[in-house]
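Common to both upcoming complexes is chain A, partnered first by chain B, then by chain C.
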Partner chain A sequence: MAMKYLEKYPRSTARGLWVIKPQWHVLKLFAKTVFHRPVTVLYPYEKEWVPDNYRGRPGLDFDKCVGCGMCARMCPTACIKIVDSEAADGKTVKRPQVNLGRCAMCGYCAEYCPVDAMTVTPEYELAEFTRFDLLYGPRRLAYDKTTEGMKVKLEVTLQSDIDNGNAERRVSVFSLDRPELTDAKCIGCKKCAKVCPVDAIQMVEKGTNEKTGKPILRPVIDEVKCISCSNCIDDCPKDALVMKEVL
Partner chain B sequence: MISVVVEYTSILDFIDFNGQYVMDNAYYPFEDVYNLPFAISYGLWKIIGGALAWLINLIFPENPVSDWLMSEPVCVLLSLIIFMLIVFIVVFVCTLISLWMERKCLGRMMDRRGTMVGMKGFLQCVADGLKTFMKENTIPKKVDNMTYMWTVSLVIGVSVLLACMIPLSQRWFVVNYDSGLLIIMAFFALAPFFILVSGWSQNNKYAMIGGMRAAELMISYEVPMLIMIATTALLAGSFNIGDIVDAQYETVWYFIPQIIGFITFFFCATAESERVPFDIAEAEAELVEGWQTEYAGMKWGLIMLADYFRGYVACAMVTIMYLGGWALPIIGNGPIPEIVFLLKTWFVFFLMILVRAALGRVRPDQIVNIGWKVFMPLSVINLAVVLLLKVGGFFRWL
Partner chain C sequence: MADSIAPIVAAEEKLQQQADKMETDKMWIIMGPQHPFSHGLWTLKIKVDGEICVDAEPIVGYLHRGWEKETENRTYPKIIPMADRLCYAASMTYTHLYCMTVEKALGMDIPEKAKYIRIVADEVCRINSHLMWLAAVGTDLGNLTVFLWAMREREYFLDLNVKLCGARMTTNYPRIGGVRNDTTELFDRDILRTVDRFEKALWEIIALMDDSSIIVSRMKGISYITREQAANVGLTGPAMRGCGVDFDIRRDDPYDNYDKVDFEVPVLTEGDSYARYMIRTEEMFQSCEIIRQAVKKIQALGKNAPYRVKAPSRVPAGTHFMRMEDPRGESLMYLVSDGTDKPYRLKVRSPIFTNVSSAKLQCQGVRIADVPAVLAQIDMCLGETDR
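Right, the complex of A and B next:
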């Protein structure tokens, strides 16, 4: 009877000392957290470190922006609208306005901006009392502490690059695409030259119309100036311009 | 014009602060032992009552009330009321500090910060207290109202009484019993009975199971605890807390000869005060709030406070029985023995927090297993060791 009672004990009573191990671990952690800070960050009073390219709200360098509308075109949530705004010299220029109520903070606008005027900022406390307050106009988008890291670049490697033995990353996507003219469709209306934000399109005389006697105008695109914003393609009434990959 | 000329009596005629030593009072209630909290309250009454008597004397000159207020029996009676307040407030603040310590230390042990509300988080206790006191006093419809209210009052009342009865030093006590440890243990073991009745009266399955578990816990852990208390008393030769502390000062702290007993008693005390590794009566994980399920608002807040009172008492008992009470090894009593005692108590409480943070909860059947199969034999072994030491003459016979 007594032996039956004793058999219910574990073989080695020393194995019951396992309870010491977790206590030792907890004591070590306690000693560590007493002298160092715990992992908890007291959020409203102290903030976590954020990297330069942290995707907060978009920021805008007003003077650098050319108003090409690339950001509005690339925005996945369509929160960017190009609005008329007054520049320092009194002229009316086109600049982006961001509706932060809709913004997904993806940072595509900053990635695709051809002149690095649009940046990401580390600001993420954006609560407002009304939805109207969430509309950030071009001036309000300005962020004065912009660093180089906030101008996030779009780095791409194309399959054609790898096939041609050039696996290096292209820093800018804008050296890839250029508008190309289908000469037979063009009517020489000069719309492309008007909408080009960087004046990369010059209308050049290519002979004279035999019936009317007027000069035949054709756009010539300056490859260096062009930022591939595709405004000319969108505005072409005869679809004479198309985007082509140049390699 | 009538001018009344009243002879101005100095306030110092009434506040007779230097005139009489507290123990010279004919009605001094503690016989021939100096009692610090009573001396403080006596001095306080001298100031308050003296100012009151002086004011009454200013308005009604030569009245008998002023003299009556400052007479010896009245002084003792009213300073006893202040004495009760002082003793309670000290214990209350100590308990709040241990509550704060648990929150902070547990936070650090889990790599977080613990409470942050004012004074490094101490004011969280005050905020919690205020919050629970502001709540509506709701009583469920189907409870047995009389037992429901009485048991909770008794649980809280017994816990507070118990905490106040723990002497902080040779001069800080309420009553100097010869059977002090036994009486504390008796009161300590009383609460689980009320918990059982309260669990029945709430007419709720969770409360019922919680109450039965509390009773189960009490039966399993009372026996080894009592054996170990008897062992300590045997080693010291007395149940009087002061004598036990003196005996430890004259020989060694009792956790050295009774190391088995110290560890066993520590875990038994943790279980007896229903703290986390052994909290099967409360069991937030499986029973909603255990036997406190139907108590809301102020009642629940007071029950939680009573839990911490019991934790404080358990730590104080460990301190008295094994860690030398308020005496330090060579220095002895020292200038402020109360602080020494409280520091030791909080150290034991820290160990309890460590156990809480490190170990998982125990199942009800395991708890009974540990109680009867591990702690019970260990306490008997401890008793045997002490008997051998005693017979071998390592400790003096009293």
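Right, the complex of A and C next:
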């Protein structure tokens, strides 16, 4: 390896009044641009090409979304709020609403979406006249030209896989971590089953309370249905559920 | 080193001679916070004796956002997009530094491919930052052509960022345990073409700067800093290497895979403003070399090599720090974790905060008209200075 620039400079020519060479370079560029295509584009009429994974405003596939709130939880600027929305069949469902005035376009919502409903979109012209116009509701977030590249997938390699010589295996983060129940802490309040967005938690009867005569209920987690959104862990009043991390 | 001390002594003698002749009051001039010379919001107070600057005092803090306090309320992955916003020109290196600090605290090792991708991304960021600096120096010296040409070249590297991670400047690319995504299709082809093209274009920009006696005479021989002074005041980065201190963290305390790529660290003993300019220009060529080697290593690792390992969400209690060679100097993050998923304290050492503290040293004996040209060599960025 050698220095490229420091070998040639400083030159002694710069000591005197030597300003012809820079002028010559500018003239050369002038001659080039007469024949060549310009570097700039006429912006409102022409636009630069952007790749699929370009991080513009967030987009949402309304029917795919399960309303787990993972996007709201991971958003660093807290611009996503889970609101009640009406589905096609008239039911009230929970869907994200994005305040683009606060959005940092970091793409975390698309990355951490367990069902790939949240996407990044290449839309970047987002100026509005009022702040309320910047509130994008669940329906307005829809983007019809969604491609596969816009659904940013969070695929990782496990350290245990690398150690076992299985380095080429990719797993989705949402298929790994599952909540684990500490039986002694659980009071059987059914909150976890209510809050689960994919109905992966079933309350199962495990015997009868001897004092009151009521049945003892314990949550049983369907590990295939679970998307590891950790809603049940957040809502557990007795901290009986903890996320068991697979590494 | 003796010859580099001589001019400052001569300047002092000259001042003394002038002072003997006539008594004049010294005057404080306040430049900033809204001033064409200050790239960002900061104030420089200079004390002038006639036309010569005898004392200077930088005032920073107009852009304080409470960054370090805000990180204490966020989980570890959420701080990565925030680290982007520390500095718009060196966003990739700060994100990289933050991820390295947390990885050190977790005691985890990241895959080889992620290390090389991070090197490539870092060096693209370094070229971006240096081109931004070159544009600023060009305007401060009154050469608008350099500004336009440097910004034109920077655009190609921003396009590379878009291809790699989907955003131009706030990249949000490194992750705790690797990088966000693998290199995209044809990225290696594009980056090699861009680098080849850039090296040719950089020679033309150099011809504008170095072959023009007007530009060189405004940088050469002014604002001398000796090796000892640079070490004592805490200068780091290209400004320090221009003063003759042979130290680069990429070579002397290698992080990631910098010990497996071959590059030179430019060092000059002149210690003047022109030397600091030359160091940065040479660094851009060296960055191109590093990119070429790292891209070859990525290609050799194959398409299916792992690029991201899963990181645990909780960091064990303890204190850890990590330092890296930022485009502007040595940046450091100090993490105190208490075993939860949020940091207890995250301290950032910004290279510019210490570099700008040497303003007094740099401005002594300099004419008022040259003060912007001298302080442009710091490559001021207020986002990371005030945090």
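Just so we're on the same page, the second predicted complex is superposed on the first by the 195 of 247 C-alpha atoms of A that agree within 3 Å, B and C clash if a C-alpha of one lies under 4 Å from a C-alpha of the other, contacts with A are read in each partner's own complex, and residues count from 1 in each chain.
By definition in this document, contacts are C-beta pairs under 8 Å (C-beta built on N, C-alpha and C of every residue); 3 or more make two chains touch, one makes a residue touch a chain.
Computed from a predicted model, the values in this text were never measured in an experiment.
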{"item": "First, second, both or neither for A:P51, with chain B first and chain C second", "value": "second"}
{"item": "Partner chain(s) touched by A:E111 [first = chain B, second = chain C, both, neither]", "value": "second"}
{"item": "More chain A residues in contact [chain B versus chain C]", "value": "C"}
{"item": "Chain B versus chain C as contact partner of A:A184, first or second or both or neither", "value": "neither"}
{"item": "First, second, both or neither for A:A88, with chain B first and chain C second", "value": "neither"}
{"item": "Touched partner set for A:V26, first chain B, second chain C, both or neither", "value": "both"}
{"item": "Touched partner set for A:V39, first chain B, second chain C, both or neither", "value": "both"}
{"item": "Chain A positions touched by chain B in one structure and by chain C in the second", "value": "9, 16, 19, 22, 25-26, 29, 39"}
{"item": "In the complex, chain A residues that touch chain C", "value": "1-6, 9-11, 13-19, 21-22, 25-26, 29, 39, 50-51, 53-55, 74, 76, 104-108, 111, 120, 152, 155-159, 162, 167-168, 170, 173, 176, 243, 245-247"}
{"item": "Footprint of chain A on chain B - complex, ascending", "value": "105, 107-109, 111-113, 116, 354-355, 357-359, 373-374"}
{"item": "Chain C residues within the chain A interface of the complex", "value": "74, 77-82, 84-85, 108, 111, 145, 152, 155, 162-163, 165-167, 170, 172, 177-178, 180-181, 184, 199, 204, 206-208, 210-214, 216-217, 220, 262-264, 266, 268, 274, 278, 281-282, 285-286, 289, 304-310, 312-313"}
{"item": "Partner chain B, residues of chain A touching it in the complex", "value": "8-9, 16, 19, 22-23, 25-27, 29-30, 33-34, 38-40, 42"}
